[in-house]
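Read from first to last, the chains carry the letters A, B, C and D; within each, the first residue is number 1.
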C-alpha cells in the first residue's frame, strides 16, 4: 500500500529531513511539498542536496488529496490550519507545539499566543510512539513531541511510573546541536557566535518544553510532577543529550532502575539500553531513530543520573513523525526509518 | 538474488561504513566481519552505533564461502592476501592501494613496500565505476579508487579526454575531512591538534594518490600527464573538496567545458553537474554516493577552475565499493547506495 | 623585581600555556622548561607556535636556582618530587592534584596511588585565589585547583557560605572543551571520536574533582557537603561551563542570591557577575583569567540555577597558577594575566 | 608617549579585535569607539567579553581630537569619510578596501561603487608593513591590506621580485575561517550552513582581493602579473591558509627559493620562515601577528608550492593596522602586538 504525503513547511530543517526520509519510504507513493517563501522553486534550489530530484515546492494555498499531512510550522500557525474538515479527509501529524499540551490554558501561558483550535485539541494524541502507541494507532491528529522532550521523557518515564525516584528532585540538563534552532536567519545562530562555545539559554525554567515534559511525567507518576529543565547549545549540527538527575526513593538501587528500564523498554526496537560502561553519546545515534539510554547511581548522594541521547531531527522530529505515521496507517513501524547510525559523520 | 559478503578489516572507518551500507543492501544475505584486533568481540563494542545488531567480528584465519570479499587493509597487506585460488572462489574488491597502480614498479617506488602479487596485478580493474564500468562488470578483482583520486579524476577526466586543457598546467588543491586519516591512534589526529586549524601535508607532490591520479588522467589524454597535487586536512569529519586548475587550450571556452561534462556524465546518476551559481560544497553530498562537479572559467587568466565534492567514506570508499559490487554481480547499480545526502548533519 | 621560573612538565597543554603567559610576564626574568620526553629539543619543535623563541627543554634531572617552580605533572608524581629541601629554596605551585586534598586518605582513595609527601601535605594551601588569598600570600607550596573545580566552587561557595541553599540538593553538570584531557595520545581523544558529539563521562559521581569540590564547599558551609558532579566533553578546544543546581532554603529569593554574589565577589577583578539577560558563555571568557557567573531562580521548583564559565587552561590552570605566583611574591595580582577575552577565536 | 585613538565601526569583528589590542597597547592613552548601530551602548553589551571595561560606543557624528583614526567600514563608505581636513588633523588607517587600489578605475570596476576621494587616493600608502615600511612611516593615510591579500602577497612577493617563478603560472588557493565574513547577519553564515562543510566561493577569479594581490605582485615583478585566486570557507573561527602554486623559471631550485625568502624576510620579526618538515598551519599563528611561510618544490612538475598562514583578524586586519600605527608614530613596531600564538585555542 502506498499513500500520498504532504509536508507543510518543507523549507525548514525538520521539513527537509522529513522529505529525505519519506522519499525513500516504501509506503509513500508521492510527496507534495508546501512552503510559502519558496513557492514555485525547485526543491534543489532550497536544499542543494536534493538537486538530483524533481521535487518542487507549492505555495500551499490549496492542499488536496493527501492521505497524511505533516505540519512543520511555527507555533500558533498549526492551530489555525487544522480543521475538522481537514481531519475528515486526511490524517495530520503536527511537528510543532500547538497540539502537544492538552490544556490550552497552559499552552497560551507558555507560548503567549491564542490557541485557535480548542475544540480539536482534545482529540490530539501526544505522539511519543513508545509510550502512546495504542492511542496513536487510532488518532486522526498526532502531536509529535519536541526534541528535548523526547529525550527527557524517555529517560524518566519508567522511573516515575515505577515510583523509583523522588518526584520533587528532578533536574534535567540538556545539550543540543544547533539544528534544533532551525534555519531562521538570526544573529544568535551565526557560525562565529556558536562555534567553540557552549551556551545555556532559557535558564530558570523558562523553556517551553518544560510543561510538555511535566505533562508526560505527571501522567506517568499519577501526580503533578515539576522539573527544572535547562537547555544548552553545543557546537555541533545534530544531537541531543539529556542528563537527568533525581534522588532515589528509599531502598531503591541500581538493580531496580535497570529492571524498570528493561521491563518498560525491553521490546522496543528504537530504544537501546546501554551497558554499564557504554554511556550514550550523541554520535552513536546520529542519523538514526534510536534513543540510547544509560544510567549510573551515585551512591554517595543517593541519586540516579540518567543519560539519554537522540538525533534531534530524526527521533526528535522527522523520524518519530514517520514512526507515528507508520503506526497510524498500520505499516511496519520500522518502515523507512530503520537507519543504522552513521559514524563518523 | 542474495549473496554473502565478507569484510576483511572491518574495524576501520571504511570497513564500518561498508558494514552499515551492506546491512541494508537488498542483495546481501549475510555479512561476515573479519578483524584481528577485535576478533571475538561483538561489533557493537567496536562501534557502539551497531549495539542493536548481532554482528560479531571473526579473526579471519579462515575466510570461506563469501561471494564477495571486501579488503579494508593497510597497503602492503592486500597484495599478500589475494591469491588466484581466492579469486577462483570469490570476487574481491580491495579498498586499499595495492592493486590500483598497474605498474608494480611505480607502486613500489611510491609505497616503499614490495608488491607480493605481481602475477595477479594485470587482471585488477581500476574501479572508478563511471569510467571503467565495462571492465568492472567482468572483473574478478577490483581496485577501489582512493578518496582524493575519485574527486580529482572525475573532475578532470572529461576535460583531458576532450583535450580542452593544457596537460602540463594542472594543479589540484584538495581538502579532506579527518575521517580520511582512519581510526589509527596517533598524535597527529588528536582533537585539539586538528580542530580550528587547516593543515597542508605532503606538499611538493609527495602524496601517494598522485600517481593514481596521473595514471587515470594519462589514460584519458592518451599521453603522459603529471599534476601537482596538495592535500589539506580540514576540521570536519567527512567530505572531500578538490579544486582543480588548468590552462584552457587555445579557443576553448566555458561552453566547451560544460559540453564536455554533460556529454561525459549526462547519463550518470551518481555524478551531479551543478548549475552556475551552485558550486559544490561537501555538505551537499554528505552521506551519499554522489560526486558534485561544477566549474568556472577565469577569463582573465584563461584557466578553468573545477570543483568536485564527495563523501570520502561513501563515494570515496565504501559506497563506490558497493557500486562496483553491484556492477560485478549485475545488481541494480544504485542498490543499497541511493542515499539522498543528509543536511545538516 | 624579576624572578626566575621553572616549569616541570612543560610539554603538556597547561605547561605550554604557562610558558606563553610567563614569557610576557613583567616580573619574570627567565624561564626554564623541563620535560623528560622532549629533553634537549627546541621548544618550537614541541609547540610550533614558539618557533620564533629560543626556548629549549631540559631534562630536569637537576633543577636549580628557580625562585618559583610550577609542576605540571601527572598525579602521583608531584608528591614524589616535592621535598622540604626544595621548599626551603623555592616556592612551588603544583598544577596537579597531589596537594589539593588536605586528607591523604581521601586522596589515596580517589586517586588509587600512594601519597608520598604526607608530611608536607599539611602546609599546602589550596590555591583558589579569590577564596584563599590570605593563606596563599604566605605559602611555600600552593595546590592549584582543578579546572572543573574552580568553575563549580566559585559558583557555589557564596551561596553555601550564606546558607542560601539546601546542602543536600546540589547537582553540578559541567561541560568542558577537549584540551582539559591533555595532549596524551589515546583513542578517546581522536578528532573523529569527539567532533560532532557530546559525551558524558565518569557519571555517577566518579570524577576525581568531586572530593575537591566537596572539600571547599564543606569548608564554606561549615558542615559536610556532598554533590553530584557529572562532566561532559564538548566539541571545542577550550572552556568550561558549569551549570549548578540547588534547592533554595526557605524564604530565599533571587535578591538574596544576587546580594550574596555581590558581597562576596564585588571587589574581585577576575570574577565577573553577569547581568540578568547575559548568561555566561565560554566564548566570553576564552583567552582570559575571568570567571563569569550568572544565575536565575526557577520559582516553580524553588531552585537556583547558577552558571559559571572559565577558560580551563587559564583560570582553570596556567592563569590561576600565575595569579597565585603574583600573590605569593607580592606582585600586582593582575600582572601578566590581565587579558581581555578574545572573540571570535 | 601616549596617543588617543578612535575606531570608526567598532561593532564589527575587526573593530572589536582592534579595541582589544589597543586597550593593552603601551602607547595608547585613550580609545574612542564609534558605531552608529550601537551608539550609546556600553561596549560590553555589544561584545560581552568587554563587560568588565567601561568602554562605550558613540554615534560618531563628531569625531574629534584623535591622533589616529582607524576606519572599519564597508567599502564605499570610507572614501566618503576621509577628507583632507581630517588628514590635516589626524592620521588615518583604513581597514577597508577603499584606498588599497591605486587606480580608482580598477576600484570602481571591481567594487561597483563610485570612489569619492579620487583626489586623496594618490597619497594613500598600501600598508603591508614588511614591504612598504618606508612609505608607511611618513603617510597620513594608510590602506591596511586585506586578509587574503596579506597571506598571498607575503608568500609570492620575494619569488617574483627575484624573478624565480613564471609570472603567468600563478594559482592561489586560499582557505579562510568564518570570521573573515564579519558579524553581519545572513543566511550564508548560519552555523549549520558552514559547520562540517568546506565551501568555495567567487570561483573563476571574481573575488575582490584579486586586483589587490595583482597590484602588489606586479610591482614586485616590474611587469603586469595576473593570478587565479580562489577563496574557500573552512569551518573554523579564525585563520587563513594560502596555498600558492607557480612554475619555476628555468634552472631555479629549492635553494634559490629558500635564499630569496631568507634575504627578503631574514630580519622581519613578524614573518616566520618554517623549516622543511614544519609546514605552516593556521593553529600555529592563531592569536598572533605572525605570518608563517613554508614551501616545497615539486620536482616532477617543476613547481613551487608555497604555504602561508596568518590570523585573519590580527595580521590580516587589526594587528597589522596596529603595526602600521606603530610605524607611523615611531613606536616600537612590536608594541602591543607581540603575542605568542595561543594553542590549543
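In this section, contacts are C-beta pairs under 8 Å (C-beta built on N, C-alpha and C of every residue); 3 or more make two chains touch, one makes a residue touch a chain.
Just so you know, these numbers come straight off a predicted model, no measurement behind them.
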| item | value |
| --- | --- |
| Partner chains shared by chain B and chain D (touch criterion as defined above) | A, C |
| Pair with more cross-chain C-beta pairs in contact, given B-C and A-C | A-C |
| Chain separated most widely from chain D, comparing mean CA positions | A |
| Cα-centroid distance, chain C relative to chain D, in whole angstrom | 36 |
| Whole-Å separation of chain centres (CA-atom averages), chain B against chain C | 46 |
| Centroid spacing, where centroids are CA-atom means, of chain A and chain C in whole angstrom | 38 |
| Shared-contact residues (touching 2 or more other chains) in chain B | 13, 179, 192-193, 195-196, 235-238, 281, 283, 286, 344-345 |
| For the chain B and chain D complex, residues of the former touching the latter | 168-169, 171, 173, 175, 177, 192-193, 195-201, 203-206, 226-228, 230, 232, 234-239, 241, 243, 245, 279-283, 286, 295-301, 303, 305, 307, 344-345 |
| In the complex with chain A, residue positions of chain D that touch it | 13, 178-179, 183, 185-187, 189-196, 235-237 |
| Chain B-facing residues of chain A, complex | 13, 16-17, 20, 23-24, 45, 47-53, 179, 196, 237-238, 269, 272, 274, 278, 281, 283-288, 290, 292, 338, 340-345 |
